[in-house]
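There are structures below to look over.
Next come two complexes, and both contain chain A; in the first it sits with chain B, in the second with chain C.
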Partner chain A sequence: MLELKDITAGYDRRAPVVRGAHLTLRPGESLGLLGPSGCGKSTLARVVALLHRPERGTVTLDGHAVTGFSHRAPRSLRTAVGVVFQQPRLAADPRLRLRDLVAEPLRATGRRTEAAARVGELAERVGLGADLLSRRPHEVSDGQLQRACLARALALRPRWLVCDEMTAMLDASTTAALVAVVEDYRDRTGAGLLAVGHDPVLLGRWCGRTTHWNEIVKD
Partner chain B sequence: MTPPATPPPVLSVEELSVRFRMPAGRYVEAVTGATFALAPGESLALVGESGCGKSVLASALLGLLPGNAETAGSARLADGLDLLAADERTLARTVRGRRVGLVPQSPAAHLTPVRTIRSQLEETVRELTGTRPPALRAAAEAAAERAAFPASHLDRHPHELSGGLAQRAATALALVGDAPLLLADEPTTGLDRDLVLRTVDELRAHTRADGRALLMITHDLAAAERIADTVAVMYAGRIVEITPAAAFFGSPGPRHPYARGLLDALPERAFAPVPGAPPELGALPPGCAFAARCAAADQLCRTRRPALTGGVACHHA
Partner chain C sequence: MAETIWRPQGRARRSTRALRVRTSAAVLAVVVSAVLIVPPLAQLDQQAVDLAAKLQPPSWAHPFGTDDVGRDLLLRCVYGLRVSLLVGLVAALAATVIGTAVGAAAGALGGRTDRLAMRAVDTLSSVPHLLLGVFVVAVFRPGVWPVVASVAATHWLSTARIVRAEVLSLRGRPYIDAAVSGGASRWRVAVRHLVPGILPQAGLAAVLMIPHAMWHESALSFLGLGLPAHQASLGGLVQGGRGSLLAGHWWPTLFPGRLLIVPTLAVAGLAGAWRERRNPRRRSELTL
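And now, the complex of A and B:
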C-alpha cells in the first residue's frame, strides 16, 4: 500500500501549495491524478517519490512510515519508487551518456557489475536504439531522452512508479509507446502507478481509476 | 471580365532545405524540400514528433539557425522578401516582430522576469511602432486589449500571472508589430486542456479577423485539430502529407501511413504507437524514410524515395 495522510507541502512555508492531501493506492493499482497546472500536483508527486519532505502529514509505503526524504530516505524505500518527470532535459545530467544515465541508480546502489547487461535490456524495453546509448542528452530528441529517463526509473525494478506529466512534451505516438512500456512493466511486476497529469482523455485511457486534485485536498 | 485577383500568399515556401554540417564532413538533413503556401486568413499546423525537423523549419523562417546550418530553397513573404536570403540586419530590423510575429513556446521563459508586463509591452510598442510618451501608455494598453490581456494585470510581473495570462501577454507582444505572418512554436506545451483550446481559439481569431496567416508548429494533435485549416505532417525532415484539416481529422482521414499511425496513437483513438523509431537524420535510408516502420513497405519503397504529389509522399497511398 501507498498511503498519504493529511500531507501539507510546498516551497514556501507561509503558502504551501499542497494542503491536507489524502491518497491511497493499493499494490498494483494505477491512479491518474488530474489537476490544472500550478495546483501543487507536481509537489505531491515529489513527496510520493520521497524526493520532497512534507511539512505535515505521513507517507506510508508498504507498511513503513517514511521518516526521511530525499537523500535521507532509507535506501530500501527510495529504491521502491521510480519516478519520471515532465521535462527530460531538466531531469538528466547533460554530461552523461545515455548509457550512464540509465545506469545511474544501479551504480548508486552498488550494482555496477549488473549494469552493462541491465542497461541493454532496459534500453530495448523502452525502445531506445543501442546506437543512442553512447550519445549525450543534447544529441538526442526529447522523446528519446524521455525513453532513457523511463529506463532509469525502471532500473531498480521499483514496486511503485510515479509519472509526473511524463508525456506532456511528446507527440501522440511516443506518448502511446511510453505508456505501453509502463503498462508492460506493471503487468510483469505488479507495480502500482501514480500518473499525474492534466489531460483527462489520456489518464482515463491509461489508468484504472482517476481522481481530481480537488477531491484529494482539504477545502 | 477579369476574374477577381486572388491575393498573393502571405508566405510561400519552396523547396526549403536545411542541413547541418557536422564534424568529419557529415551532414544532418534536418529539413528537405519543404513546400507550402499560406493564404491570408489561413492557419497551417505543422505536426510531427520531436526531432522531425519542424522546429528547425521555424528557426529557418526567423533566421535563427546556428552557424553550421546551410539552407536551400526560398521562403518568400507577400512583398517578395526571401527570408532565407535576407541578412541579419534586415531580419532584425524589418522581419522579426514586424513582418513575422513569434508566439513563443514558453511565455514564462520569453517574458523578462524582472519587468512588468506593461513595461515590456511599452518597450515593444515603442520599438516597433515608434510611439513615444505620452501616447505610449495608451498604445501599450490597446496592445494588451487586443490579446484580451486584462488591464488590471498590466503592472504585474510574469511570475505573478497564471499560465493563460502569461500566454496572452506573449501573444500581445507578438501582435504589436501587426505582422502579416504569425509563427507559433509549440504555443500550448504544458498548458491545461481548457487553456490549450482558449489559446488556439484566440490565435485563430487573430489570424482570421485580420487576414494574417498562422504557422503553428506543434506535437499536440488536439490543438492542431482545433486551429488548423491545413495540416502538414513532417517525418524525418520531409513533409509527407499536406491536406485540409477537415479531411485529415475527419473523413477520409490521413492518407500517409505515418500520419494515419500518428492519429491512431491518440488516447481517444487506438492509443497504439507507431512501431519502431524514426531514422537518424544523419543517416537516412535511400528509399522512403518510413519504410522500416511501414506495414505496406515493398521493394519500391525501400529503393525509391516517394515525391510529394497530390498532397502525399507515398508510393501506395
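And now, the complex of A and C:
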C-alpha cells in the first residue's frame, strides 16, 4: 500500500506548491495523475519517490511510515520506488556510458557481480541495442536515453514505479514501446504505478484509474 | 549603419588559438626543462661570489649580468625560478585540495555545515591575504615549506567558493535524484557524480593558482619574509637588485621580473585555451 495523507510540500515555506494532497495506491494498481503544468505534480512525484521531504503530512509505504526523505530514507525504502523523470538529458549523468548508467543502482547497492548480466537483460527488455550501451548520453537520442533511464529504474526490481511525464519528450512509437515495457514489468512483478502526465488520452489507455489534480488536493 | 568589428573567425580563429597554445606550451616546456636540467648538469655554484666582476652588464660570459657581489644572474634566476615553480606547484595543489574538500563538503552537506564553512571563508577573505601569509611565515623560520604553507593557507578560499557553487548547481540535477533513488549513499553520490562534475572547474582553478602562488612567494621574498637571503628566489633577486637600480644598473631587477611574468602568461594562455576547448558554448561569451 502506498498512502499519502495531507501532504503539503514545496520549496518555500510561505508558498507551498502542493497543499493537502491525499493519494492511495494499492499494490498492482496503476493510477494516472492528470494536471496542468506547474500545478505541483512533479513535486508530488518526488515526495512519492521519497526524494523530497514534505512540510506536513505522512507518507506510508508498504506499512512503514516514512520519517526520513532523500538520503535520510532507509535504502530499502528508497529503492522500493523506481523513478523515471521527464527529461532524460537531465536525469542521466553526462559522464557515464549507458551501460554504467543502467548498472549504477546495482553497484550502489553492492550487487556488482550480477550487474553485467542484469544490464544485458534490462537493455534487451527496453529495446536498447548492445552498440548503444557503450555510448554516452550525448551520443544517443532522447528516446534511446529514456529507454536507458527506464532500465535503470527497473534495475532493482522496485515494487512501485513513479513515471513523471515519462513520455512527454518522445514520439508516439517510443511512447508506446516504453509504456509496453512498464506494463510488461508490472504484469510479471505486480508492481504499483503512479503515472503523472497531462495527456488524458494516454493516461486513460495506460492506467487502470485516472484522477485529476483537483480531486486529490483540498481547496 | 552599424559598425562591424573584424574578429578572426573559423579557421583564422582556430589558427590563432593553436599558435597561442603552441607558444605557451613551448615557453613552459623551456622554462620547466631549464629549471630541471640546468642545476644538476651545469655543476655551477650559484652562490659563487666574484667581487672583481660585480654589477657587470649582460655579456656573453654573463647573459643576464652579475649582481652586486659578482654572482651570475642567469644561474641565480634559474635557481630562483626553480624555487618559485616548486612553491607555485605544491602550494597550488595543496590550496586546491583544501578548497575542493571544504567547498564540496559545504555544498554537498548544506544546512548548518554550509553556513559555518562559508562564513569561515568570508572571515578569512576579509583579512588581506598577504598579511595573513606574512603571519604564517612569521610563526616559522624562513624556508621553502613555511612559504608553501603560507600560500596554501591563504589561497584555498576562492577554490572553495567555486567548488561549492558548482556542487550546489549539480546537486539539484535530476540525475542526482535518480542516484539517490537507486540507493546511492551520500559518499557514492559525491564520488561518482559530484567530484567528476567539478573537476574541470577545480582543475582550472588549480592551474591558474600556480602563477598566483608564484607571485605570492615572490612578494613574500621581496618583503624579506620568504627564503633565507643566500637561497635564490625571484622575489629575493628583485629585492636584492633594487638597491642598484637608481645607479642605473637595470639588469638585476629586470631579468628576474621578466622570468616571473613569462611563465604566468604561458600558464594563462594554456588555461584559457583549455577552458575554451572544454566548453565551446562559453567561448562566444569569452571572446565578446
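Heads up, the rule we're going with is that the second predicted complex is superposed on the first by the 219 of 219 C-alpha atoms of A that agree within 3 Å, B and C clash if a C-alpha of one lies under 4 Å from a C-alpha of the other, contacts with A are read in each partner's own complex, and residues count from 1 in each chain.
The criterion applied here is as follows: a residue touches a chain if its C-beta (ideal position, glycine included) is under 8 Å from a C-beta of that chain, and two chains touch if they have at least 3 such contacts.
The shown structure was predicted, so the numbers you read here are calculated from the model rather than taken from an experiment.
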Partners on chain A (chain B, chain C) - clash or fit: fit
First, second, both or neither for A:K41, with chain B first and chain C second: neither
Touched partner set for A:L51, first chain B, second chain C, both or neither: second
Chain B versus chain C as contact partner of A:R159, first or second or both or neither: neither
Touching partner for A:R19 - first (chain B), second (chain C), both, neither: neither
Cα-centre angle that chain B and chain C span when viewed from chain A, reported as a multiple of 10 degrees: 80
First, second, both or neither for A:R99, with chain B first and chain C second: neither
Shortest CA-CA distance between chain B and chain C [superposed frame, angstrom]: 9
Set intersection of chain A contacts, chain C complex versus chain B complex: none
In the complex with chain A, residue positions of chain B that touch it: 47-51, 162-163, 189-193, 195, 219, 221, 261-263, 265-268, 271-274, 276-277, 280
Chain A residues touching chain C - in the complex, by the definition given at the top: 46, 49-51, 70-71, 75, 78-79, 81-83, 85, 87, 90-93, 95, 104-105, 108-109, 149, 152-153, 155-156
Chain B-facing residues of chain A, complex: 36-38, 86, 127, 129, 131, 140-144, 165, 168-177, 179-180, 198-202, 204-206
Complex contacts: residues of chain C adjacent to chain A: 173-175, 177-186, 188-189, 192-193, 196-197
